[in-house]
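Chains: A, B and C, in written order; residue numbering restarts at 1 for each.
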Amino acid sequence: MQTFIVVLALIGFAAIGYTMGRARAVMTAGGVPKDLHSLPSYYGSYTALWIGLPSLILLAVWMIVQPQIIDGLVMGGLPSDMTAGLSDSQFGLLLNDIRNVATGNISSRGDDPAVAAAATQLSSLRHTGFILMVVAVFGVGAGGLAFARNRISPTLRARNTVEKVINVILIISSLIAILTTVGIVLSLLFESFVFFTKVPFYEFLFGLNWSPQTALRADQVGSSGAFGAIPLFVGTLLITFIAMVVAAPIGLMSAIYMAEYADPRFRAFAKPMLEVLAGIPTVVYGFFAALTVAPFFRGAGESIGLDVSSESALAAGVVMGIMIIPFVSSLSDDVINAVPQSLRDGSYGLGATKSETIRSVVVPAALPGIVGALLLAISRAIGETMIVVMAAGLAANLTINPLEAVTTVTVQIVTLLVGDQEFDSAKTLSAFALGLVLFFITLALNVIALGVVRKYREKYD
Amino acid sequence: MTDTTSSPQGESAGPARRPLTISPHLAKRYARERLFRTLGLASVATAGLILLVLVGSIVSKGYSAFWLHHVDLTIEFSVDELNPDGGPIEMETLQKANYLGLVRDALKREFPDAASDRRERRKLYGLVSPNADIMLRNMVLNDPSLVGTTQTVSFKMSDDMDTFAKGFIDRDLPESDRRVTDAEIKWHDHFEAEGRVHVAFNIDFFTKGDSREPEEAGIYGALIGSILTLTVTLLVSFPVGVMAAVYLEEFAPKNRFTDLIEVNINNLAAVPSIVFGLLGLAVFLNFFGLPRSAPLAGGLVLALMTLPTIIIASRSALKAVPPSIREAALGLGASPLQVVTHHVLPLAMPGILTGTIIGMAQALGETAPLLMIGMVAFIVDVPQGFTDPATVLPVQVYIWADSPERAFVEKTSAAIMVLLGFLVLMNAIAVLLRKRFERRW
Amino acid sequence: MTNTSVTTPDVDVAAKPPSVEQLANRYTKIESRDVNVYYGEKHALKHVDLDVYQNEVTALIGPSGCGKSTFLRCLNRMNDVIDICRVTGRIALDEHDIYDPSLDVVQLRARVGMVFQKPNPFPKSIYDNISYGPRIHGLAHGKAELDEIVQKSLERAGLWKEVSDRLDQPGTGLSGGQQQRLCIARAIAVNPEVILMDEPCSALDPIATARIEELIDELRENFTIVIVTHSMQQAARVSQRTAFFHLGDLVEVGETEAIFTNPEDSRTQGYITGRFG
């Protein structure tokens, strides 16, 4: 909160700098703004940038560096018998306790005098650090102001400088997308690497047994845990398959009907309807699957003497299919509309009916695009989380019977990471290995699908 | 198709007029045509039907959550009970007094015969919400003159009784098959017969945070959590997204690197949301040390997720601005940046805003990545700031959907209705914006 | 058509030829030497040497794709906008190289204004259209001065009477010819020295065209004008000097009268007599 106020104050400072820079520029031009290279407002922005940028950068660096220095000082000040022989996680716990005491929370070690002393030291260091930071940051801001004021003259190309800075900011913005991807890949790779030092790679990819519960104590029964992900892959594929069985025909036929048969009035009503279906949050579908569809299938199964699990793959798969229908239909609608009218006319000219034209001319012509759309839909089904978390099971059964409960990659990621996380146990880390597999499979599907769709577009553009 | 009516080569009869014969195939072909068409219509209809069933099942389950049954009890604010030690009545004694006793006394007076059996007594005490004592305490603290008087006070029924009163529990079932006992039904009927049961709008649902007790649980905490989270998302993703789009569309040279950025953005848009959750956990929480369960971390994760949506929408909006506008401004000596900020961006803004609202609507409905960064915790307090522990509407739906109490089903559905309401509102604004400002060049 | 006839009867050279005195006092406003333009691999403009004289209208003519518009866009560096475009050679405005890296292209464009083929008013009010340039260049002090510039510019573009009562209406609501005059007024408002016109009448009907042509002739007194046109009649009517481009080459340049009555190059002759183009 304090930092937030400092940031606001800096912005205020920069705003004052803006008016000062403006006034200064007009003054140096002898009150004739026309003689300036740029409009006076650019000189204002120039000054504001010189105040704001260096000080905000300093602030950010300070915020990152200060806690580490302070932690080092505090932990270094502790009696050596307290820190000797502590593992990294124990060390972290101790530090956490000290922080808690410092912020006034009750802690298990709150009555330890060494901890209390360290907490007092921590608070006072933080206080000093904050004051130093405010002084430094505003000092840099004032320096920027003085520098900019000095530089301002009618020949200074303020606009060009300001625009260059803005251009750099624009470039940085567009790099954030790249940084996100890099961040995803690096964090997944890093944690997965740690996981694979504990569990062999081949055992993870080809093992048939998944039970990630590692014991808390080494002497407990079944302490090893099994990390064979094949049951998860099979479960994911089973549910995805069911989803596509539902979504592909309905989505495709809807798209064909909308593109080829429906009159504008029907389209105006049906398209938004499909968009609504697409806009419903997945958690709602999950609730629907768990509370309406699953009991329905269970009841229906019972009435014909089938034993359907209450967390059957069928229920999760069907609802996931429903979720994907609008996705398939809107993508296919686009590709079907891109088929040139001349192809249809050719077919009609030979005396073909509409459905014959669609089946033998339009669909084959649009096939690459449709395949791309279906691949994207599969990628989406594989990565979908909430429906399966709420409607599919947790037990990793290796089966392809849709009436039984199966679990999926995403379900396991959620279960492994909700609740206590220990980044030194294989249990928590296995979630990242699963995430890595998920990321690369969906990435591959997307790259192929987008490539196919793009090729298709180029063909008819 | 090959099975056309007749082959043109076959007849070389010269100028003689050929009759338009009707091939026997034709009827079959038209039947297939009709079938195909019907299948298409049936597909669209199926989608519509599913939507109806989905919305219908949620509304039918959830509408009742907006009302709660209350029961009037006669409470004696007896001095003995509130101040058993005697002496002057201070605020402090009132603060600590045994209000639960007052409620229990009132119930015991109502049904003296039920008080004998321990199990039955507990059931009896459970008729009203467990928070009844807190309500009484607040009443007395607000108005200490109540002490010594006898008042009729309206209490929320507990969740099972409320569910029964709403008629969702069949009283004809055998006792072992339903959640309320015969005695409870008897008590309910007693109050009902005296006209002391009444229905009131469940205002707490909109003004309170989560609770273990369904009748006390509200969505206000989750709503504020959603607003805080989306604020962070909007503040990060909108400026960054628009600036990235402006750079890529207006300034970037066409080279391998910008191609890479473009491919990357398209792929990012299709990365499963849960992977963003893993990123948030590994980077924002573990590396940068942001607080767990906080709107700040959640908002940042959602911002990265919505960024591709906003960039793609903004780029197409920028692309739709005709180049002649850019030329005109350039020709007058506007700098490229002035061209963008004075002309192109304002003209593209409706499209950009539409895309942003749609991105925000997606973010509002997103659940999975937030589970990864701990926004799934049970949080009673309404979050006050960006670093407080919080949850959001869809996660609240997820938490409640997992709760075993029957009454939480109704709460979940009601929360979904609120969530869908917001989504409809946002999309309506987007559609309106598009309609109102759509410009054809 | 036969190729014996040198003059074309349907072209009437109406623009006043410069007098001897004027010819002697000619001042070279823009001087271009060995200008080459490449679009990627394509050599779009080859070794062009062309001078533009002050207070004259110079017309650039030639068949489509001959490089006349490309050359025009070099004169205020509008080609900079195109990534793959590369310009070599020297173009000087008042003897200052406009491709000098230290020169600010924005200031260049304030001195060399441009009117485009299709009228392209901003989707803003008429007033805002005109006042935009003066605003970004800081030419006006306060509202009164800006009002004055707007009125003067509209008057000089012959549009004031038609729009003075609806300055707050969008510029896009005007007729095509009015829009183009609005664009000219907009260019004038910045008070440039040179105005480049890229087929300014190609999207207009004959009456609006005549109106613009009159306007060009009036503007010549205060500005130097370079106009690209596909209509030889128009070149003949409005210009004092004419340059003929063909396949990226500057084939011939000279007094308009001379070019149309007595072209030196057979390609010019072929073009103006309508054999190709």
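Just so we're on the same page, a residue touches a chain if its C-beta (ideal position, glycine included) is under 8 Å from a C-beta of that chain, and two chains touch if they have at least 3 such contacts.
Since the model is a prediction, treat every value here as computed from it, not as a measurement.
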{"item": "Pair exhibiting more inter-chain C-beta contacts, A-C or A-B", "value": "A-B"}
{"item": "Per Cα centroids, the chain farthest from chain A", "value": "C"}
{"item": "Gap in Å, rounded to a whole number, between the CA centres of chain C and chain B", "value": "61"}
{"item": "Inter-chain centre distance, chain A versus chain C - centres from mean C-alpha coordinates, in Å", "value": "53"}
{"item": "Gap in Å, rounded to a whole number, between the CA centres of chain B and chain A", "value": "20"}
{"item": "Residue list for chain C, restricted to those that touch at least two other chains", "value": "106, 136-137"}
{"item": "Overlap residues in chain A, where contacts from two or more other chains coincide", "value": "159"}
{"item": "Residues of chain B engaged with two or more neighbouring chains", "value": "335-336"}
{"item": "Residue ranges of chain B touching chain A (in the complex, touch as defined)", "value": "1, 4-5, 29-30, 32-33, 36-37, 39-44, 46-48, 50-51, 53-54, 57-58, 61, 239-241, 243-244, 246-248, 251-252, 260-261, 263-268, 270-279, 281-283, 286-287, 289, 304, 307-308, 311, 335-337, 361, 364-368, 371-372, 376, 385, 394-395, 397-398, 401-402, 409, 412-413, 416, 419-420, 423, 427"}
{"item": "Touching residues on chain C, where the partner in the complex is chain B", "value": "76, 78, 81, 83, 106-110, 113-116, 118, 120-123, 132-133, 136-137, 183, 186-187, 190, 196"}
{"item": "Residue ranges of chain C in contact with chain A within the complex", "value": "104, 106, 136-139, 141"}
{"item": "Chain B contact footprint on chain A (complex, rising order)", "value": "1, 67, 159, 163, 166-167, 169-171, 173-178, 180-181, 183-184, 187-188, 190-191, 249-254, 256-258, 260-262, 270, 273-277, 279-288, 290-292, 322, 325-326, 329, 350-356, 358-360, 376, 379-380, 382-386, 389-390, 410, 413-414, 417-418, 421, 423, 431-432, 435, 438-439, 442-443, 446-447, 450"}
{"item": "Chain B - residues contacting chain C, complex", "value": "253-254, 322, 324-336, 338, 342-343, 347, 439"}
